[in-house]
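Every chain is named by a letter (A, B, C, D, E and F) in the order it is written, and numbering of its residues begins at 1.
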Amino acid sequence: MIKRFDKMLIDLPRPSYADPNAASAVQELLGGEFGEMSTLNNYMFQSFNFREKKKFKPFYDLVSSITAEEFGHVQLVANTVNLMLEGATFPADPDATPLRTGVDKRNTDHFIANAQTSRPQDAMGRPWNGTYVFNSGNLVLDLLHNFFLECGARTHKMRVYEMTDNPVAREMIGYLLVRGGVHVVAYAKALKVITGVDMTKMLPVPDLENKRFDTARKFEAQGIHRRLYTWSDTDYRGIAHIWKGTHPEDGQPLEVIEGMPQGAPVPDFSGLPQQFAPGISQEDFLEIGKKLQREAGL
Amino acid sequence: MIKRFDKMLIDLPRPSYADPNAASAVQELLGGEFGEMSTLNNYMFQSFNFREKKKFKPFYDLVSSITAEEFGHVQLVANTVNLMLEGATFPADPDATPLRTGVDKRNTDHFIANAQTSRPQDAMGRPWNGTYVFNSGNLVLDLLHNFFLECGARTHKMRVYEMTDNPVAREMIGYLLVRGGVHVVAYAKALKVITGVDMTKMLPVPDLENKRFDTARKFEAQGIHRRLYTWSDTDYRGIAHIWKGTHPEDGQPLEVIEGMPQGAPVPDFSGLPQQFAPGISQEDFLEIGKKLQREAGL
Amino acid sequence: MIKRFDKMLIDLPRPSYADPNAASAVQELLGGEFGEMSTLNNYMFQSFNFREKKKFKPFYDLVSSITAEEFGHVQLVANTVNLMLEGATFPADPDATPLRTGVDKRNTDHFIANAQTSRPQDAMGRPWNGTYVFNSGNLVLDLLHNFFLECGARTHKMRVYEMTDNPVAREMIGYLLVRGGVHVVAYAKALKVITGVDMTKMLPVPDLENKRFDTARKFEAQGIHRRLYTWSDTDYRGIAHIWKGTHPEDGQPLEVIEGMPQGAPVPDFSGLPQQFAPGISQEDFLEIGKKLQREAGL
Amino acid sequence: MIKRFDKMLIDLPRPSYADPNAASAVQELLGGEFGEMSTLNNYMFQSFNFREKKKFKPFYDLVSSITAEEFGHVQLVANTVNLMLEGATFPADPDATPLRTGVDKRNTDHFIANAQTSRPQDAMGRPWNGTYVFNSGNLVLDLLHNFFLECGARTHKMRVYEMTDNPVAREMIGYLLVRGGVHVVAYAKALKVITGVDMTKMLPVPDLENKRFDTARKFEAQGIHRRLYTWSDTDYRGIAHIWKGTHPEDGQPLEVIEGMPQGAPVPDFSGLPQQFAPGISQEDFLEIGKKLQREAGL
Amino acid sequence: MIKRFDKMLIDLPRPSYADPNAASAVQELLGGEFGEMSTLNNYMFQSFNFREKKKFKPFYDLVSSITAEEFGHVQLVANTVNLMLEGATFPADPDATPLRTGVDKRNTDHFIANAQTSRPQDAMGRPWNGTYVFNSGNLVLDLLHNFFLECGARTHKMRVYEMTDNPVAREMIGYLLVRGGVHVVAYAKALKVITGVDMTKMLPVPDLENKRFDTARKFEAQGIHRRLYTWSDTDYRGIAHIWKGTHPEDGQPLEVIEGMPQGAPVPDFSGLPQQFAPGISQEDFLEIGKKLQREAGL
Amino acid sequence: MIKRFDKMLIDLPRPSYADPNAASAVQELLGGEFGEMSTLNNYMFQSFNFREKKKFKPFYDLVSSITAEEFGHVQLVANTVNLMLEGATFPADPDATPLRTGVDKRNTDHFIANAQTSRPQDAMGRPWNGTYVFNSGNLVLDLLHNFFLECGARTHKMRVYEMTDNPVAREMIGYLLVRGGVHVVAYAKALKVITGVDMTKMLPVPDLENKRFDTARKFEAQGIHRRLYTWSDTDYRGIAHIWKGTHPEDGQPLEVIEGMPQGAPVPDFSGLPQQFAPGISQEDFLEIGKKLQREAGL
């Protein structure tokens, strides 16, 4: 079970221009095989299906709590897409062709289906699907998978960063490179406890440090790469048996934090009459307001 | 952002027999087009992508908070599948063919891929996919979709109930019929506020009351069909502008509850050596324990 | 454009027993790669997209008119599935598990999604999809494809016939073997006109005559294998330039018939309260009747 | 069963320029989840699978007859795509790269697979598939689905209209907005008869009238938004029990018309030697003509 | 480029009974995400796409040569499926329902589409597809993937072994467990050379040695687990830089062998007239033979 | 079983410019329904599953040996894609956006997933899948399919040739048109032996000779269109019973050649630091070299 909070992990800048093709590329990080939908659902199913939760509590706590963080990652990438699509069309009568931009862009779904917002699909428009979830039940194999998945996700993030200098995309990626890096190390440490093999020694994969990415540096400077959260008021403290010692890259002490980060406000998006979204006229809106008040007054 | 709690919505009975084909049917309620993965992801994306969150706060709060409940529904159905698969195989040497049951069952993934646990796919083994998410951005159309989706989900639950008298499946379905019924009414009421059309008058769809299902009755008796939760410590209270008045079926007062239900313990599943899940021997386990302690002692 | 008539190509027997797994196999002939959805949509798209309709009128008329026949084939197979699923469940309260049969059957969609009726998918539950349509625009290649498609469809029909002696399935297959055979010959003759190559000499593919199938014999005896219909009151008479001469197997004269066959009544299916289909109670039904009359009386 | 007529619903203008990317967007209205392939196949399967056809004849007649109209809609959108692709390439030797335009366009299938014609897929190249067909057998739920489907289809049409001012696309969309509007109202009225809930009061969804679209106005002026056809010489007259009273938007009387509209000629497309479509040389063509005559002379 | 030899890696026993459901399970090892089609195509594409082949020759040689072995693995599993389906039907007239067995079996494709032979799909009938190929171009990540893939493939093989005691299936799996084990070690050693991390220390994954599987023991006794082949007359000798030292499980010396194993004869399958496969009558066969001779005599 | 050789069928030119959108189009010839992955896998499965290999040895030898050639075709197209993507990005720090080209190109997988190399998918990014394999077991039908498949593949190659004058693409297509033409004739001849129908008389399909393509002419001049290889040192000589007589287009004698063509060197691709491919620094590389030497010295 979860509680939800109307917050987002970090503030994202409001863009000064629409960037639909870059938004289309960012979809890969949301709904691609190595996107956040995949990390969320892998860990969610692995935690539901975990065998011997008590006996292997630190490991159960690890995949359970990271699940919660991944919800926030999906949210962050989705909002990035949304912000990058702001301003791609203009309000006007249908006959003025206000969505004309969409016709030559890479992702027509953004214009025809979704009113310039994100979708659970990748950069080529292929829907995210359940075959992207791996859950063998074998703990070593599942952790090995997760380690690989996070390295793959890191690679894709690095490349999308290199594809666009859009400031919203880069802010998001800088942050997620740091947080993804935490998960890479966490799964490596979990594997070390069980197997004795220290996979942190092959990090980073690919072999380029986060600090080589402009927007990642400030998050590392804040120590965000050293923290693992329980994402709970009461549970998942067993991660402290895994997340301890020092960070393999800078040797600084690792830290478990109960609960979740403070977060930032969720962006709001203005209505787009040309997209009929939300599609309620000013007078209808006032009428709805009165109705809600009247009924509240009963 | 979310916080996670190591609880499940209700207690599920431990089954006294394995029921793999019924577990396969229950997969429809998890990863089918009208399963809980669909409700979770529809509302999650609709909330991320919502335009004019402030202006239409009650509606935003509605899809946002129900998202959180749906996480719990996915968890509940996944655990139902897991419990129904308990005991389907026996511990033995590979040469004794301990997974022999699997060869004639409807869902071989349960045996080959997942160590007798749930997967994001439907009763025919088709993976859940992102085309099941609808999010036009038009508020009336999205609410209409959600109303339809919940009616469809209710239909599938009713039919799976009729397909199996497995006690775990029925307990889960009884509860979800009641909670799904709440969501049907909530979306109908939201539509009424905006359009004036009272769709509660066509309820229930299909035309058979929840109380006709044995395991649903006790939950209705507890008033669970009258409550909508905010699923948050701090947010989403705007749902009270929509969830008010009386229930269309029994005329009892509706109730908004801050936070989430109390919940029940998450089931644990014993290790299955024949599935190599979690696949760690007793002595390795002891060794891991010592290692964790030693390192904790540093 | 089309006109529709409330008829079906032939009478199908009412079955005396439910046959869900055989119905599942018959789905291959409906929504499989070589099923009737494929023939319908291949010819439909080829006719819409045909280049030089006037210059190559006999060929355009051929794919256009056969399209119309294929609609009737889809209808016939769909109704076969429906009839074979009659009686698979029994009316009872949900707690009596009236759909219990479904849990061990091959196609749970028939029970959970469709109220014991047909779906556009194959015998393994894979949905029919648009990649099954071939339309290169090159006339020789498209005709060659159609010839191959019909031979493949014939093969699948023959094998499903051999899998089940269900009388509904066999009646349908017997008829469609004969009609499919007509299309094989028609495409072969079209190819001969253009290329000079006489592919009728390799028929039948597979090398077993229709008369070896009990339920096909009577349709051949009626001469149905010699007739090609225009499926129109006014158009597509150009097929007579292709469909002429004698049948390659029995040497009897070929015949073009304007319009369509006489047909038989469409089967009706009684309501299944346990499936909530159509899900309207007797009293609601009477009420609806009155309402319709009252409003008609205005 | 159907009869086919060599006509199209309306005349489409011959375009003066090729518009491949806009044609790609129009594919969404053909093979997308909310495209005409979906409406055609939903109603086709619902009519084949209808339970209690006699008892609920007006409803059966409704989905049956609209099926026939949807065939014409698929035809109209397919031809729109075809016309928009006219002139996108030029006749020349292969070494002159006559299809060069295709390499940078959004839909390479139009150039590699289909000789500049339509395909059963959406604007992102995803094939139409059978999961887009909903048919629960529950009459209220199926009608609710159809109402939702038509509203979704309307939304997509409105947005594609806003994406391109291509005159062929706009003529087609203007007409289909009006006809789709008829279907929205028809399903709303059907639901009202059964449930008493008047969903016409939430129309139009999205909240922008058809008359706001330039090419829709003339069709409304002709009263086309008030007419429902039986699409049959002999059947489906029961729709008159549903299609009666006045139109919810302009209060004008509704009208049932037996048969189908008059229609317009089907466009022909000239051969494209650079696409090998139909790929028959002038001399081969003459030879074929002689052959046909000779054989006719026998 | 490759040369092909009419041999198979090992002799498979002729089964004494048909075993269609077990054959269906074995399909997972052929066309599942972790089946041999996946290993073949992963390494094939990785070798085609390898950057810096000369600089990193041992690694290029490794994926290139294992590609060739995987062709043999696909062949071996395909033949296993074929042998397990022998005798599932009987020769008879169509009216005698000779394929009746197929109607209740898990994989109807084996009966309707493929004449009792293998297909590129998994145990649930989902087609193998290209998303199962991973090829990031980053050498560490690709090797890590391959290590994970082989461990996953091993897990699936172990479980299918436990599902059926079919002697053909077990002979094949015993052999492939040993050969797959070689590939696991090879990729671990390759990773060690580059990163210094010794992943052989976590082997075997899952933690059950091959010698615990009856049919694997004899292949280990032959030393097959210590050999890596170049699968070439002239190339790929660079694998010797990686495949050297001792085996991590039994400490015996590793061995590189030029060329390929000796192999065994390819099984032949008798014709199935009831499947029309190959579908040529005895007299047609004789006629073909004469024709071939006559023409050879020219 | 196969042996592999580090060669490619022909030399491909090094391109002087990057051509990502043309590379995307070429993907159709690799992973499209009519691409080389399809020919490879069709013949591979048909050869594994062949019934009566001895009785129908020439036909078995035909599909078996062509399988081997198709491996080389897949390799050739994959390398073409790789070469066309060379230079599409530039080495630079991530903040310099070195992959910026990718954001507006048709295939973002080439940039995000694959480090500018080929993938098993088509020109629209749809993954190759197992439904593209046809194998009915009926020899006539399978040969007819193969004949059709090769004609379809030829059509797609001709159109991609016409879409781009990229010299790498054209060299590859010129060669494959010739070799594909050989396979078309081979299957036609095989069909003639069995059925007596001479399908070579409808060739070429489409009706444009290979010599009309600039880069095909030189290969025809070398007589490559007259040769069929056994692709084996020891087997598949039975193809000589089919591949004999004269070529239907130029009347020159056909020739069976034992073994395979001489081939050309496989291209190497330089490392792309901006893609982290292979992602190993110069100093790490030297370190690896030393390690390999040291260990070799043991």
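By our rule, contacts are C-beta pairs under 8 Å (C-beta built on N, C-alpha and C of every residue); 3 or more make two chains touch, one makes a residue touch a chain.
Worth saying up front: this structure is predicted, and the values here are computed from it rather than measured.
S.K.: Among the remaining chains, which ones contact both chain C and chain F?
M.R.: Per touch definition, common to chain C and chain F: D, E.
S.K.: Between the options C-F, A-B or A-D, which interface matches D-F on more than half of its contact pairs by residue number?
M.R.: Comparing residue numbers across C-F, A-B or A-D, the repeat of D-F turns out to be A-D.
S.K.: Just send me the rotation angle from a CA overlay of chain A on chain C, rounded to the nearest 5 degrees.
M.R.: The best-fit rotation has an angle of 180 degrees.
S.K.: Centroid of chain A to centroid of chain F, CA atoms only: how many Å?
M.R.: 39
S.K.: Suppose each chain is reduced to the average of its Cα coordinates; what separation in Å results between chain C and chain D?
M.R.: It comes to 22 Å between the two C-alpha centres.
S.K.: Which residues belonging to chain A are in contact with no fewer than two other chains?
M.R.: 106, 113, 124-127, 131, 136, 138, 140-141, 155, 206-207, 275-276, 279-280, 284
S.K.: Is the way these chains touch best called a line, a ring, a star, complete, or other?
M.R.: other
S.K.: With touch defined as at the top, which chains are paired up in contact here?
M.R.: Touching chain pairs, listed by label, come out as A-B, A-D, A-E, A-F, B-C, B-D, B-E, C-D, C-E, C-F, D-F, E-F.
S.K.: Taking the complex as given, what residues does chain E use to touch chain A?
M.R.: Spelled out, the residues of chain E in touch with chain A are 33, 131, 134, 136, 138, 140-141, 144-145, 147-148, 151-152, 155, 191, 195-199, 201-202, 205-207.
S.K.: Considering the complex alone, what residue numbers of chain D touch chain A?
M.R.: Touch list, chain D to chain A: 21-22, 24-25, 28, 32, 106, 123-126, 155-156, 158-165, 206-208, 212-214.
S.K.: Which residues, counting only chain A, touch chain D once they are in their complex?
M.R.: Per the stated touch rule, the residues are 89, 93-95, 97-100, 102-104, 106-109, 111-113, 124-127, 274-276, 279-281, 284.
S.K.: Looking at the complex, which residues from chain D come into contact with chain C?
M.R.: 1-9, 31, 37, 41, 44-45, 48-56, 58, 64-65, 67-68, 71-72, 74-75, 78-79, 82, 113-121, 127-131, 133, 135-141, 193-194, 231-236, 241, 244-245, 259-261, 263, 266, 268-272, 275-280, 284-285, 288, 291-292, 295-296
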